[in-house]
Amino acid sequence: MDLATVIGIVLAMGLVVSAILLGSSLLIFISAPSALIVIGGTIGATLVNYPLGSVLGVVGIFKKTFFSTVENPSEIIARFMDYANRARREGILSLEPLLKEIDDAYLRKGLQLTVDGLEPQTIEEIMQAEVDYLEQRHETGAEIVAAMGAYAPALGMIGTVIGLVQMLQSMSDPSTIGPAMAVALLTTLYGAILANLFFNPLAGKLKNRSREELLTRELIMEGILSISKGENPRIIEEKLNSFLPPKQRQSSD
Amino acid sequence: MDLATVIGIVLAMGLVVSAILLGSSLLIFISAPSALIVIGGTIGATLVNYPLGSVLGVVGIFKKTFFSTVENPSEIIARFMDYANRARREGILSLEPLLKEIDDAYLRKGLQLTVDGLEPQTIEEIMQAEVDYLEQRHETGAEIVAAMGAYAPALGMIGTVIGLVQMLQSMSDPSTIGPAMAVALLTTLYGAILANLFFNPLAGKLKNRSREELLTRELIMEGILSISKGENPRIIEEKLNSFLPPKQRQSSD
Amino acid sequence: MDLATVIGIVLAMGLVVSAILLGSSLLIFISAPSALIVIGGTIGATLVNYPLGSVLGVVGIFKKTFFSTVENPSEIIARFMDYANRARREGILSLEPLLKEIDDAYLRKGLQLTVDGLEPQTIEEIMQAEVDYLEQRHETGAEIVAAMGAYAPALGMIGTVIGLVQMLQSMSDPSTIGPAMAVALLTTLYGAILANLFFNPLAGKLKNRSREELLTRELIMEGILSISKGENPRIIEEKLNSFLPPKQRQSSD
Amino acid sequence: MDLATVIGIVLAMGLVVSAILLGSSLLIFISAPSALIVIGGTIGATLVNYPLGSVLGVVGIFKKTFFSTVENPSEIIARFMDYANRARREGILSLEPLLKEIDDAYLRKGLQLTVDGLEPQTIEEIMQAEVDYLEQRHETGAEIVAAMGAYAPALGMIGTVIGLVQMLQSMSDPSTIGPAMAVALLTTLYGAILANLFFNPLAGKLKNRSREELLTRELIMEGILSISKGENPRIIEEKLNSFLPPKQRQSSD
Amino acid sequence: MDLATVIGIVLAMGLVVSAILLGSSLLIFISAPSALIVIGGTIGATLVNYPLGSVLGVVGIFKKTFFSTVENPSEIIARFMDYANRARREGILSLEPLLKEIDDAYLRKGLQLTVDGLEPQTIEEIMQAEVDYLEQRHETGAEIVAAMGAYAPALGMIGTVIGLVQMLQSMSDPSTIGPAMAVALLTTLYGAILANLFFNPLAGKLKNRSREELLTRELIMEGILSISKGENPRIIEEKLNSFLPPKQRQSSD
């Protein structure tokens, strides 16, 4: 559960609603047609912009911003120290029985390739291609949400101009100008809130999650390659530790 | 047929028209001169910006956003596994009879070069140059549509300023101010709709299509090079599979 | 003659003028002081931004957007096939008599270096440096025009604020407000038209011209290097053809 | 203590407050709800955008913009000249007793690896990974503050639109329009001040601090590698001096 | 003396002042508090953004946009031809007596390292580090001025919002609205003029100057390396000439 996402949205929306309630009823800020044009139009523009499959995948992507399952890098390093020491003492084939206990598909694949005795360079090519592909999929996800953050205020502006044109065309009764303009402004408000409190920060969180996950993958790749090259466990530890912030580093010494 | 493009445009435009109809007749939003200045001006600026041939090619480019012909990567991989096994067992010349059955010109050319016994490095140079060139042509296409998405709101703004100047110069009768301003705002509305519901998302879709097509080409290039280097079919499969999302991967084991 | 540039400007300006004439006389849109502040101010800011020589060179640069002299790539490839076959059959020195018939200075220089027997790597260094330099000069040209496209609307805005301040300071007679504001808006209009119908698209066209010219240079460099390495004419043809769109490719087979 | 940060904030805020006091009381510019929506909303959006840990770390990051502890590069170079001469004369192991006197963890680690006799390439990999990691953490810090600089004006705009809608809905008494609009504008003002006098310049200062610190790390890495390669002290001095502005360079000659 | 900078500023400011004088007295555009908040606030934000030393260095940087001391590249090439021929005929040590006549510290250092017999690769590392450092310092200078160009309009906007809030809070006498709003707009005007006629173009000029100077340094580095590698003077001339626009090239043949 990503607490920051939940706290952030509750805090920001709570403040916006409180600010409204201080000055008027919440009712004058609710307009189904305005919501429809902003939300529906944003979804429409996003569908034109991205393949159907990717847009439908956004629901799953949103979930990802609320839940986090990235493994702790320190644990991965500890695990690699174990593999490295074992490979040193008992040979690389001694890692084979461990393979079936590994949950992470990426780590298991890398270790399998190592146990199979492939060249480190070939292992690197295969593992790097996988990381590149993952990065690209993640980028597409964050990009879609960022695109929604760009289309929402544009749709808001379109809705407001439509409202203004209608107001200006029927300006016979001056007392209706104010309320008509207030309604016209609602789409701008919806667009700005959707973009700045939801889509843009969620796109940012997706990028951060992706960065963390990629770091873990690079850590795993570095570890696999070091083992397949038969490097000294102490050097492997130094290398992998440099992926951690200084505070989290542990030494097996 | 790219359903997402069609659904997206129908959804967004439908919502915009519904929003209009809720408040007034659609007629007050139709103005031929406004449409002419925004659309014609956008085309004019695009013609100054890009070569005539490229702009005329945009029609074909738009078609591309509605229809998709990218081959399924899984099928390409299956095909390469077949080639690789055949080349292993019967020698690389055994691929020659297959050449004439291949539809894709890029794959055929690559395989022809391999059968001809060129060095992998020379094959890579030729195939990479082709991919680079394709990427550049695609980028120009997406760039033109994106430029139209930038010029349309600018022309909309120019039209609105022209309308405002005319209104301000003849402000004798206050009752005409509202309608005159409403008309002036129409070009801004047209520009915003063209940019945000058509040009910008279509440019995005073109970039996505291009990315997919380039991935397929890279997959083909990787496969051709692996065969020409005489790599082990199992390693080829591992390499090519890393181009696929994990779910779509199949193993020949 | 670059028809697209001429057609584009005539089309866009014609539509803008027509849109004006539909609603009022053209006269209320003409203001010498407004034109002076926008055009003069843009030139001033550009002079501060770029060296005098480069700004004066912009006149020549504008000419370039109307006239095009890039040689047809297919013809260059045909020519290289001729050189390559000749060099194969009669030795590289047989190209020497052809040198004086070559108009293009870049091609002539490259071929001269080849005939002189320099190492391919040295030839590449010299020819690449020349291309890099050309690219930089082109970029500066396009950059200056793009900078004018950024300064013009800024000057337009400055002019409008000046007009608004003067109008607001002397607001005794309400009937003068409208026309005064109309005049103030003219600089904004001029800035927007200059930027979006002239400077920005012309900067774009310069970038496209430069891209074409650089492609031709790269094609020539690739051809020269292939000949100086004594490559097989068929492979040279494959390599050079990949610079062309598939439709334009010809085969000497 | 980073005087520039303190002077800059005091100067800018002092001028803003003076400008206000020249025209009215400061009181009409103070509104707790407006401050709450802008500041709280910005924090909320930032929490959605970044992991909780990183956002909480921002407090420590802000401190960093006020205090500077980067070591003087000239002193580091002098120290390296000492190490290099010592290593030359008495062998690399003679550096071991110095290790425990070194405060800087990065320098100590690098020297330890050198004394341990690791290959220069391995030392470079480990030290580079550490620098890369530091750079990434710094970038995240500056990015968070820059994101706050983007969210603050957006929240300001949202607050103003909310105020405008409320004002337009209850426009019965014309005399209340002015003050209501004034209050609505306060969130825009708060957002603009927070972004342009605090978040954006502070993000810039963080980037500058990070650049300085990275330069020092690169200087240390270069020095360590030169010593581990056993390079001539004079050449080491030339190399390290090129990290300094010409004025600060000293020669041991 | 950089004439373009002087002409540009005089031209643009002259036109702005003329435009003002055509419609009113210059006096209504002068407001010390407005100038103070825009200029002082911009300096304040810049101090928060950059280290004190760098901001104080901006005065020297501004001077640089008015005066130019870059040596003529043709002369540098002529000089290198002389060195190259001398080194060819009389050995590289024959360049030593020339060292003390060289004004340019960079050229002298490079030649000294060559005469000292260092490896070309070591010379390249040292000279490249120096160029990189110079580039970074130049970039910081241009960046600071560009940042001022971004803060000035933001401060102008802050000043205008402050003025608007004060005007709206005391809107009892309608006749004061106009002049109050006019005064409020002055900060926007000052910000726009400072940014678009001073800071932005000056930042651009700094970037251009830096580019010229870096080109000269690269030319010198290329020449030094060619001499230290003992290359043929004719090839050196070809290489260095490619740094010049075709018109300026001279041949020693």
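Order of writing sets the labels: A, B, C, D and E. Residues in every chain begin at 1.
Please note the rule applied: a residue touches a chain if its C-beta (ideal position, glycine included) is under 8 Å from a C-beta of that chain, and two chains touch if they have at least 3 such contacts.
Note that this is a predicted model, so its numbers are computed, not measured.
Participant: Trace the shortest sequence of touching chains from chain A to chain E and report its length in steps.
Facilitator: Counted as steps through touching chains, the separation is 2.
Participant: Mind checking the centre-to-centre distance between chain B and chain E? Centres are C-alpha means, answer in whole Å.
Facilitator: 40
Participant: Could you pull out the residues of chain D that touch at least 2 other chains?
Facilitator: none
Participant: Considering only which chains touch which, label the overall pattern as line, ring, star, complete or other.
Facilitator: ring
Participant: Could you give me the chain order round the ring, chain D to chain E and onward?
Facilitator: Chains encountered around the ring, chain D first and chain E next: D, E, C, B, A.
Participant: Considering the complex alone, what residue numbers of chain C touch chain E?
Facilitator: My answer: residues 33-34, 36-37, 40-41, 43-52, 54-55, 105, 113, 118, 122, 125-126, 129-130, 133, 137, 140, 147, 151, 154-155, 157-159, 161-171.
Participant: Which residues of chain C touch chain B once you look at their complex with the stated criterion?
Facilitator: Residues 2-5, 7-13, 15-16, 18-20, 22-24, 28-29, 65, 178-179, 181-182, 185-186, 188-189, 192-193, 195-198, 200-202, 204-205, 208, 212, 235, 238-239, 242-246.
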